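First chain A sits with chain B, and in the next complex the same chain sits with chain C.
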Partner chain A sequence: MSLFVAAFGFGLVSMSVIALAAVGFTMQFGITNMINLAYGEVMIASAYVAYYIDQTGISIWVAMIGGAIFGAVFSFLINRFIYAPFMRKGTANLGMVIVSLAVSLMIANLLLPIVGYYSVSYRERFGSIVRLGSVVLTVNQMLIIALAVVVMLAIHALLRYTRLGKAMRATAANPTLARSSGIPTQRVIDIVWLITGALCGLAGTVAGLDSETFAIASGAGFLITALAAAVLGGAGQPYGAMVGAVVIGMVTELSAAAWSPDYKQVVAFGILVVVMVLRPQGLLAKRGALAAAG
Partner chain B sequence: MDRQPATEARPAPSLRAEGISAGYGAVPVIRDISIAVGPSEIVAIIGPNGAGKSTLLKSLVGILRVTSGRVMLGEDEVTNRPPEELARRGVGYVPQVNDIFEPLSVLENLEMGGYLLPSNRIRPGVERVTQIFPALAALLKRRADKLSGGERKMLAIGRVLMLDPKVMILDEPTANLSPKLADSLLREHVTRLAAAGKAVLLVEQRARAAMQVAQWICVLVSGSTRLEGRPNDLLRRQDFEELFLGAGTRNPVNDKQEEADEDT
Partner chain C sequence: MNTYYAANLLIFAGVDIIACIALNLQFGVSGIVNFSFIVFQAAGAYAAAVLSMPPDTAADYSFQIYVGGYQLPFPLPWIGGAVVGGLLAIPIGIVVLRKLRSDYQAIALLVTSIIANTVITNARPFLNGAAGLALVPQPFQDQIDTATDTYQYVYIGLTAVAVAIVWFVAARIVNSPFGRSLRAMRDHELAATAIGKNPVALKMTIFIVGGAIAGLSGAILVGFLQVWAPSTWLYPETIILFAAVIVGGRGNNLGAILGALLVPVGFEEVTRLLIRLNIGPPNLIPALEWVLIGLFILGFLWFRPEGVRPEPRRVFEGSPEPEVERVRAA
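Moving on to the complex of A and B:
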């Protein structure tokens, strides 16, 4: 039994990491209509930026801010100089997916000569241990959970209560009408890329910290897990991505305890396939954060 | 194009198009159209399906590119200016479909309609709109896609009214409404907008209803202005129905549905 309680603790950490990644990914799709397959590589690139800052001896939490800033600026630039020009030319959605795949390969291969093949780790991987009953977590893991909770609440507050957040939802729902209402949709979309890019950078650093070691090859796994959580919850819906992250994070860790850690990914995608068969629109397709309450 | 002599002067135009052409591909959908609307005036564009009525409105509000001619807002040229600039300059546009932000609440729709207002003027704006459309007052928290057809159109118009525009451009506001609702929307609300000094340009499928509320009618057929004038002058013309029937698709003047409803 205590094995499952411990797994529950790891589940909390996993879902936090996945939620940070999946919410940014799903908002990019929901608001800018872009399925950004380069998301995982931007996560990794940001994780490396944080790694180099970490190497100077500064706290990993400061390095994480560096990773988030890098992710924000990098994502903004990718959209400005690659995605947006293609979209202006009227490239179809499938074409945009291929463009993002190309960007993903370019990032990975540009990164390779700089960072090398080998796995790296942040200096401070564990921190001291905290016991809550049978749940044993490191201080870093506790901080990751707290960070995810704070970020999710902040995203909720942004979308629900601020003028900018409502303009984002209006732009997502009906971009032409948004412009006719005087909303500068181009600027709104720029800000969406900055915010989701920051989430992506933060998620990359947190994922690197949580997985203890990471390498360029980790990007694909990051992307696929974020994608699974986003689709599970209902593509484009931030609350859906949060729910998807909870389900995938928790079930994979519990299954690892019950069965074998080797099958985590199999279990995650097993859930995804079952949900897609029973509810193809995703768990929260109708009632996400981009929608109104009630 | 066939012009009727005006018996009394029309107001100086708030918005006017001078010989504009526009379309989606290489072939223009509308060709060389001139139209104007002034303060307190209702101008209705009527014509068969596919005549280019919606295309004309979209090209006036910056959604569709004008390929020749120009659009004037008062003394300023606004040809091909982006929609957000036209909104800022006092042109309100209510599309025929996709006229609200469906996943947002009614209140949020109104707030987005007032996006350009300073934050302390949002609440008074919402109050003003709910005075014009009292039915919306009780629905502020409701998701916009849960509204009935009539409530939805009120919200669509209310959203635009948040900025208190000088010019209102309405694309078939009565489409999908019951004949009774359509009638009250045109007679009460659209008329009231003009009475409040706004220039109202609307596309209307129900030609007869349009002729009862508008001061000027423009008949659009196959992308060009076939005829324009005051409603009474147009109705007096022997060839009016023929001009319409010549358009081919249907006869909006003798719309059977409408006749039946007016009898009841």
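Moving on to the complex of A and C:
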């Protein structure tokens, strides 16, 4: 029983990491209509940027900001110089999926010669332990949960209470109408790539911290969990992605305790298959801040 | 140039051609972005391997654990590979192709590919996990000494026959009314549905046919390599084949063959040459090769999305366009 209580604690951490990743991914899709399969690789690249800052002796919590800035700028540039031109050219959604997968492959293999094949870890990966009843977590894990809660509230506030958030929702719902109504959709989309890129960078660093070690090869796994949470909640919908993250994070950790940690991603995939068969539109269909694009 | 090198080159070319024809049927002709294509090749390879290998209790084979081990003679393992590839397409197709939007289908298939690899890597008793299968028997190895040049020619011949059969089948499909329906669905699914075509049935059929051909390509490959492991079918391998079909020209089988010769075979050869030059750290060249494949895809999609050899425009008698052309010619 205590195994499951401990797994519940890890589930809280997992869902925080997944939520950070999935919300950024799903907002990219919802607002810019782009299934960005390079998301996992940008996460890894940002995690490495944070790693190099971390190696200079700066705290990982500061290095994380570096990772987030890198993720924001990198995502922005990928969109500016690759995705946006292809979209303007009228490439179909399917073509864009192939483009983003090619980009993902290129990022991973440009990074390989720079960072090498071996796994790395941040200096502060353990930290002291906090006990809450039978739930045992490290200080780092507590901070990850707190960070995720703060970021989720910030996203909620952004979408709900700011002019920018309103413009984002309008762009997601109907880009042409939004433009006709005087919303500078191009600028909104640029800002969305910066914000979601920052989330992506933050999520990459946090995922690296949570999984203790990471390597280039971790990118695919990062992408799959973010994808699973986003699709589960209804792709394009930030609140759906949050719900998806809670389900996937908790179920994968409990299954790891009950079965084997090797199959965490497989369980996430199993949930994804069930959703795709029974409810392809996701749990929160046509609800939440952003309607599914297309 | 020694025979083994030539055999290596020709057999890889044959396998890549078969795979590209299958992917072209799915992606080029029918518009299904099958990002888990390599899984079907892998399934065929594993099936052919366990059909031809002795049980894992046999003396020389006890270092690995796997299901099956039926010691079937050629050509049963190859046929088995194709059958398993086709059968695997059924459950995956049912989950992915029925309700999902086309770009969702693509990501669902990508995720399937990554997960299938994870499962096979971790579930060791099934197909020997990460270490994979080794000492897979070659066709006719009891009759002909596999170390001789003759055997290399025999294997090249077998591969060539398989390529010819696949080419024939694919050509028949592409030029048949069924092929027309597939293209209609690819170009305008709603319109095809409106004239009574069932897109789900069309997609399922071509998904199964493509899966079977992919399985055959895996069977040929494993018979030659004699080893098969999860590291040989990671999802980027599918991207190489996509690059080949895009570069060669989507929607026509000649384009697929051209792409197979230009991309997987061409890259393999160039890498072999470059690695000999010893530039930079050991993994630099293979990594840059992947970057180049990505650039190839982006470059072709940008500058020449129809590929080196574009799909021929098909005009039919009785349609208004030839009339116009005839008038113009007159």
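By definition in this document, the second predicted complex is superposed on the first by the 290 of 294 C-alpha atoms of A that agree within 3 Å, B and C clash if a C-alpha of one lies under 4 Å from a C-alpha of the other, contacts with A are read in each partner's own complex, and residues count from 1 in each chain.
The rule is simple: a contact is a pair of C-beta atoms (placed from the backbone, for glycine too) under 8 Å apart; a residue touches a chain by one contact, two chains touch by 3 or more.
These figures come from a predicted structure and were not determined experimentally.
When the shared chain is aligned, chain C comes close enough to touch A:266, but chain B does not. Of the two partner chains placed by the overlay, neither chain B nor chain C lies in contact with A:232. By the touch criterion defined above, A:180 lies against chain B but remains apart from chain C after alignment on the C-alpha atoms of chain A.
In the superposition on chain A, the chain among chain B and chain C reaching more residues of chain A is C.
When the shared chain is aligned, chain C comes close enough to touch A:37, but chain B does not. By the touch criterion stated above, A:148 is placed in contact with neither chain B nor chain C.
Contacts of A:20 after superposition on the shared chain: neither chain B nor chain C is touched. In the superposed model, A:94 lies in contact with chain C only, and not with chain B. Applying the stated touch rule to the two superposed structures, the overlap between the chain B and chain C interfaces on chain A comprises residues 294. Residues 163, 166-167, 169-170, 172-174, 176-185, 290-294 of chain A are the ones touching chain B in the complex.
Here chain B touches chain A in the complex through residues 61, 63, 82-84, 86-88, 93, 95, 98-105, 108, 111-113, 115-116, 119, 141-144, 159-160, 163, going by the rule given at the top. Chain A contributes residues 35, 37, 82, 85-86, 89, 91, 93-99, 101-103, 105-106, 108-110, 112-113, 117, 220-221, 224, 227-228, 231, 235, 260, 262-263, 265-266, 269, 272-273, 276-277, 280, 294 to its touches with chain C in the complex. Of all the residues in chain C, the ones that touch chain A in their complex are 31, 33, 35, 95-96, 99-104, 106-108, 110-112, 114-115, 118-119, 122, 235-236, 239, 242-243, 246, 280-281, 283-284, 287-291, 293-295, 297-298, 301-302, 305.
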